[in-house]
Amino acid sequence: MTAIAGTIPSTAASPLHRRLAQGKTLPILIVLAALLAIWYAFTVYLNAPWQIDAYERAGTEWTATDLVRDTMAQERPVLPSPHQVVAEIWQTTVGTRLTSKRNLFYHAWITLSSTLLGFALGTALGILLAVGIVHNRAMDKSVMPWVIASQTIPILAIAPMIIVVLNAIGLSGLLPKALISTYLSFFPIVVGMVKGFRSPEAIQLDLMRTYNASGRQTFFKLRWPAALPYLFTSMKVAVAISLVGAIVGELPTGAVSGLGARLLAGSYYGQTVQIWSALFMAAALAAVLVGIVGLAQRLALARMGGRS
Amino acid sequence: MNAEPAIRQHAISPQPGQKVVEARGLGLTFHTNDGPVQALSNVDLSVARGEFVSFIGPSGCGKTTFLRVIADLEQPTEGAISVNGMSPEETRRARAYGYVFQAAGLFPWRTIEKNVALPLEIMGYSRAERRERVARTLDLVNLTGFERKFPWQLSGGMQQRASIARALAFDADLLLMDEPFGALDEIVRDHLNEQLLQLWARTTKTICFVTHSIPEAVYLSTRIVVMSPRPGRVTDVIESPLPKERPLDIRETPEFLEVAHRVREGLRAGHADD
Amino acid sequence: MNWTIAGALAFWAGAWALNERLSRLEPRSPAAKRALGLLVPAIFGITLLVVWEGAVRGFDISPVLLPPPSAIWARLVSAVPILWADFQQTFLKAVLIGYAIGCGSGFLVAIAIDRSPFLQRGLLPLGNFVSALPIIGVAPIMVMWFGFDWPSKAAVVIIMTFFPMLVNTVQGLASSSAIDRDLMRTYAASYRQTLFKLRLPAAAPFIFNALKINSTLALIGAIVAEFFGTPITGMGFRISTEVGRMNLDMVWAEIAVAALAGSLFYGLVALTERAVTFWHPSIRGG
Amino acid sequence: ADDVTLQLKWVTQAQFAGYYVAADKGFYEEEDLNVEIKPGGPDIAPVQVLAGGGADVMVDWMPSALAAREKGVPVVNIAQPFARSGLTMVCRKETGIEKPGDFKGKTLGTWFFGNEYPLYSWLSKLGLPRDGSENGVTVQKIGFNVDPLLQKQADCITAMTYNEYWQIIDAGLTTDDLVVFSYTEQGVDTLEDGLYVLEDKLDDPEFVDKMTRFVKASMKGWQWARDNPDEAAMIVLDNDATGAQTEKHQKRMMGEIAKLLGDDATLDGAAYKRTVETLLQGGSDPVITKEPEGAFTHMITEKAM
Amino acid sequence: MNAEPAIRQHAISPQPGQKVVEARGLGLTFHTNDGPVQALSNVDLSVARGEFVSFIGPSGCGKTTFLRVIADLEQPTEGAISVNGMSPEETRRARAYGYVFQAAGLFPWRTIEKNVALPLEIMGYSRAERRERVARTLDLVNLTGFERKFPWQLSGGMQQRASIARALAFDADLLLMDEPFGALDEIVRDHLNEQLLQLWARTTKTICFVTHSIPEAVYLSTRIVVMSPRPGRVTDVIESPLPKERPLDIRETPEFLEVAHRVREGLRAGHADD
C-alpha cells in the first residue's frame, strides 16, 4: 500500500504516547484525580462542624490549617478522607493474615461466592422464565404481573422469613444467602430477555416459518443470538444487583461474615472508616464483575461479526 | 446445476398435472392505524405442477402478499387457497417450498456459509452434506470465496445472491421467489436465469416468480400473471408459446417480442386504472 | 395431607386448566381482549392466595412466620389511614423523586459519556463502581448526610437506579444501525440532531428496560433505606417496626400496598413503552 | 450429647459473654450438651427463628417476648440472668436538658422493635405528647448507632450503658457534655436478655431436663465471666466472625454487663410486674393489651440452682 | 416536477464546467476477519458539473463503495479525491449532495411523511415548506395516500420510492443514487426515469447513478462508467451521443442501441476477466 500523505492518519507518535492518548489509563486517572479532589473538599466541609465543636469544647485556638489537618484524621468522621480509607483497606487486606477474620479479602470472598452462585441461579431462572413467557401465552399473561409484584416486596423485610423457612427445611450455609441474590437478579434478566427474545425482525421469523423450524430451532438459531445484546446488558445490571443481594442476605443469617457483616458491624460501632473500606471493597468487586461481563460481551459480539 | 444426482425429491411430490396452487376468490385486507388496506381482491388462480409462473404488476399491487399467502405467512381474509392439495399450513409444515424474500434477510451474526447452511441445519442434513451443498449453491451464485464473510461485508447484490443460495440449498418442489434478481447486473442475471431454467427443466419443480422485468418474465415462464394496482387483482394471464428449451437468444425471436408486448400492454392497462 | 391442603391444590389445578383455556382464546373485540388480559393474571393471583391460605391453615403455620391472606386483608382494610400516610411518605416523596433524579442522572451521564470519548474511557469504568454500592452501607451514610426525612431515602433510590439506566442507555445509544447513521452523516446532521432523531429513538427499547427495572428497584430501595432511621412514618419504617411487634399481618398489609403500587408503577411505564416504541418488533409483534 | 441451638438477640459481643464462655470453657460439655450459638442482628427476630424451629431457646427482651406471646407464639421465660436494665436516654448537655421535663420541644431518637414502649409510657407519665409540637416531643426512629447524637440530628438518643454510651465517649464527647437518664431510675424499665422457649416443649420432661442443664451451665459461664471479665471479653472476641470488634470496647462492655447480672437466673416477680405495667401503658396502641398469663416459669431455675 | 419555482439553489454551486468529482488513483481496501478485500483499485475519474454519470458493473465490483467515498462515508486507502473542489468531508458538511441508498433505510418509528421530512427538519426548513415539499415529492414517486403509514406497512418498491422522495425533498446540487429504481416495475420506472431526466435538464444538478439496467443507463446518462469485478476498476467510459432532450422512444433509435451494445460489450469483457 502506498500511503499518500494527508489521506492517512500519521502513525509517527510514540507507542507510549499513543497508549496514553487513546488508552483508558489517562482518562481514568484524570477523572479519578478530579473525584479525589472533590472528595477531599467534602471531607473538610462535612467534618468541620464536629471538629470546630471539639475545638470549642476543649477551648483550643485553631487555624484553618489545623482544621484541614484534623478533619482528615478524625476517628469517626462523617466522611473519612481518601487516605484514611486507603490506609484502612491496606491494613485490613495486605496487612493482615489472609485467613484471618479481620482480613477484608476473606469477607469479600465470602460475599463473592454467594454473589456468583446467586447470579448464576438468577440468570438461569431469568432466562428460563423469559423463555416461558415468550413461548407460552398463559405464562406471558399470568406470570409476568406476579414476577413484577414479587420485585416490589422489600427483600430485607422477607429475607428473615425466607432464611427461617429454608433453615426449617434443612437448607443453610451458602444457598439461602445466594437465593436472596437470585431473587433480586433474575428480574433484570427477565425484563431484558423477554424484550431480546422478541427483538428479531418479522422477516427473520417468517424465514424460520418457511422452514417449519420447531420452536426450539427458532429459539436457538434466531431468538437467542438476536437477544444477546440484551442479555449482556441485563447481566451487567444483574451481577451488580446480585452483589447487593448477597450483602443484604448476610444480615438475616446472623451477619457473621462477609462484606455485609463488616458494613453492619462498622455501623454499630460507629467505625465510619471501616464502613467506607467495606463499601469500597464492594464497589471494586462490582466494577470487576461488571467489567468481566463487559469483556464477555465484547468477545461474544465480536465472534458474531459485530461491527466495531 | 451439474450436481444433479444429489438432488433428491421430497416426500410430498404431487402428481404431474395436479394443482400445486389453487386460489378461489382470494382476498386480503390489512388493518392499519389509519384504516384498512385491501392488498388482494378476488384472486382466482391455479398453478399446475411443473409450471413456471411469473407475477408482474405495479409496485404495491400485492405480489408479495400473494406469495406470502401461498407460504402461509399471511392469512387470507376472504376466499380459499390450497397448496399441493392441502392447506398452506400443512404444506409449510411439510417443508414443501423454498422462499426467496424480496429483502435478503440474512442473519447478521452468521457468516455467509452459515447463513446458507441454516435451512440445512434445521432440516437435519448431515454435516458433510451441508458442507457439500453450501459449497455447490454458493458456487452457483458466484459467491465462492466469500464463505467466511459476514453479511454487512457484502455488496447489496451479493447479499441477494446469498439469500438465493439459501433457498436453493435444500430441494423443495415448490419455489417461491420474490424479485430474486432485482439487484443484479444483466450478465449475472442472465447467468442465473439460465441456471434457474435448467434446474426447473431438469427437475419437476414448480416455480412462482415475482419480477419487474418483462423480458425476464417472458424468458422464464410458462405463464405470466399480470396484476393490477391495489386492490391487487389478476387482470391478465398470458400463456407462453415458447418451447421448454430456451437459449438466451430466444429473446430476439418475434414470438418472444410478441409475448413481451402483450405483457407490457397488460401492465399499461393496469396502470391506466390508477 | 389434610383436607384444607387438598382443597387448595384442587383449586390450583382447576384454575390452571381454566387459564390455559382462557389464554388460547382469540377474542375479536379489543374490549374482550383487554378483559382477558386482566382476568388471566387475576385468576393466577387468586390461585396463589388460595394455596397460601390453604397452606397456612393446613400446615398450621405460626402467624408470626406467615399470616394467612385473610388476616392480611382484614388488617389492610382496618389500617387504611396509616397505610395511606406511609404510602405518601415513601412512595410519593422518596420513590418518585429519587426515581426521577436517579433515572435522569443515569441518562444524562450516559449521554455525556457517549458525547465525549474521553469520558467514555474515564467515566464508564468508574460508573461500574457505583453499580453495587450496597444499600445497607449507603443508607446509614445518607441518613447521616441528608437527615432522617425522605431526602436521605431519595438519595438511596438515586444511587440504586443510576446504574441500570447508565448501562442500558449506553448500550441503547450504540444500537442504531450503520446505514441509519450513514444517512444522518449524509445530511451532515449535528450531534444533537443525530441524537434526537436517530439514536435516542433507537435506544428507546433499552431505556425502557431500565425504566422498568428501576420502577421496582426504587421501591425496594426506599423501603429498605427506611430501616436505617426515619421519622415515624413510611412503609419501611412500618414494616421494620411491626416485625419487632410481631404484627406480621400489618407487615404483609404494607407489603401488599408496596406490591400494588409497584405493579401499577411498572404497568404505567410499560404502557408508556408500548406507546413510545410501538415500532419495535417486540411490540409490533415480530 | 444432646444438641441445643441458642438464638441470640444481637451480634456477638460481651453482652452474651456467659454463653460463649460456657461453650469455650466446656461447661456445656460437662452437662453433656452440644450447644450451637447463632448470633442475631437487626434483621433477626429471635421469636421467628424459635417458631420456625431454627432454635430451641432464645435470648430476648421481655417486651418482644410478651408481644409474641399475645400474637400466638407461646414463648415462656425460663431464666432471667439480667436483673437490671441497661437502657438509658443520653442527651447533650448543650441542649439545656437537665431533667426529663426539659424534653419539651426536643427531638428524641429511639430504637424501635419494642424499645419505644418504655419511652412512650415515660412520656405519658411526663404528660408530653409525641406529636412533634411545641409542647410535645418529636420521636424519631434511629438505627443502632449513635451518629444522630453526634451529628446533632437528635437531642437525645437511647443507648445501652454497656455499649452505645461508650461509643459516644469514644467519639470525643466527655461525661461533662452529656446528661444520662436511666430507664430503671425513671421507673419505666423493662427486663432484658432472658432465656425463652416454646411453651408446649416444656411438656416434654427430656426437654425440661436439657434446659435445666443448659441454664445451669450458662449460669456457670456467666459466673466465670463476672470473675474473669478480661478473659471473657477475649473469648467473645475469638468468636466474632466479623473481625470488627475491638478488645478495648469488649473489655469495657464486659465490665458494664457484670453490673446488670442478677445473683441467680430466677426471674424476679416484682421486676416482671413492672415490665408488664410499663408495656400495658404504652400509649395509643400498646404492645400488649392484657395481662399475660403463664409467660414465665420458675420450674427450670428451681431445678438448676 | 411542476413546482419548479420553489426549488432553490444551495449555497455552494460550482461553476459550469467545473469538476464536481475528481478522483486520482483512488483505491480502497477493507480489512476483514479473513484478510483484506480490495474494493477499489486505481480509479481515475472526473465528473463535470451538470453531467449525468451512470455506473454499471457486476455485482460486488465497488460501485456502492465508490459512491460512499464521494459521500465521505468511506475513507480511501490510496489516492486522492475531491468533490466540488473540496474534500468529501467539506462537501458533506456543506450538505451539498443527496444520497439514495441501495436499501431503503427508513426509520421505523416515523411515518412515511415524517421520514421524507427528516432531512428537511435537519436542514431547518420551515413547517409550511416541509409540508409542501413532502407532499410534492411523495406525489412525484406516486405515494400520495400513504403519508401516514409506517415503513413496515409498505411494499418493497414503495419503501424504495419513499427513500427516493427523501433524497429529492431537499435540493442538493449533487445526487448520488445507488440503484434507486431496482425494485420498481417497468412502468413506474419509466415514469421516474422521465421525471429524473426532466429535473436534471431543468436544473444544473450533477447526478451519479448506479444501475444494473443497461437501457436505463443509456437512456439517462451523458456518460456511462463501466466497472470491472473486484478489485473495482474503471474499464470503460462511454460518452453518450444522445441529445439532452430524450423522449422515451429514443430507446428504439439506432444510436441508442449502438451505445447499449457498447456498454454490454464492456460489461462482458469485465466478466470474462472473472
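A, B, C, D and E are the chain letters, set down in written order, and residue numbers restart from 1 in every chain.
Here, contacts are C-beta pairs under 8 Å (C-beta built on N, C-alpha and C of every residue); 3 or more make two chains touch, one makes a residue touch a chain.
Everything numeric in this text was worked out from a predicted model, so none of it was measured.
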{"item": "Count of contact steps on the shortest path from chain A to chain B", "value": "1"}
{"item": "Chains touching both chain A and chain D, listed by label", "value": "C"}
{"item": "Pair of chains whose C-beta contact count is the highest in the structure", "value": "A-C"}
{"item": "Averaged-CA centre spacing for the pair chain D and chain B, given as whole angstrom", "value": "84"}
{"item": "Between chain E and chain A, distance of the C-alpha-averaged centres to the nearest whole Å", "value": "51"}
{"item": "Between chain B and chain C, centroid-to-centroid distance (C-alpha), Å", "value": "49"}
{"item": "Rounded Å distance between chain B and chain E, as computed from the means of their C-alpha atoms", "value": "29"}
{"item": "Residue list for chain A, restricted to those that touch at least two other chains", "value": "78, 156, 160-161, 164-165, 201-202, 204, 251, 264, 267, 305, 307"}
{"item": "Shared interface positions of chain D, touching two or more other chains", "value": "42, 45, 48, 52, 143, 145, 147, 151"}
{"item": "In chain C, residues with contacts to at least two other chains", "value": "65, 140, 144, 178, 227, 240, 243, 280, 284"}
{"item": "Residue numbers on chain C that touch chain D, as the complex places them", "value": "62-65, 140, 143-144, 147-148, 227-232, 237, 240-241, 243-248"}
{"item": "Of chain A, residues touching chain B in the complex", "value": "201, 203-204, 206-213, 217, 221-222, 225-226, 228, 304-307"}
{"item": "Complex contacts: residues of chain E adjacent to chain B", "value": "30, 32-34, 37, 56-60, 63-65, 102-103, 148-150, 153-158, 161, 178-179, 182-189, 212-214, 264, 267-268, 271, 274"}
{"item": "Parts of chain C lying in touch with chain E, wherever the complex brings them together", "value": "177, 179-180, 182-190, 193, 197-198, 201, 204, 277-280, 284"}
{"item": "In the complex with chain C, residue positions of chain E that touch it", "value": "68, 71-73, 92-95, 97-99, 101, 103, 105, 107-109, 118-119, 121-123, 150, 152"}
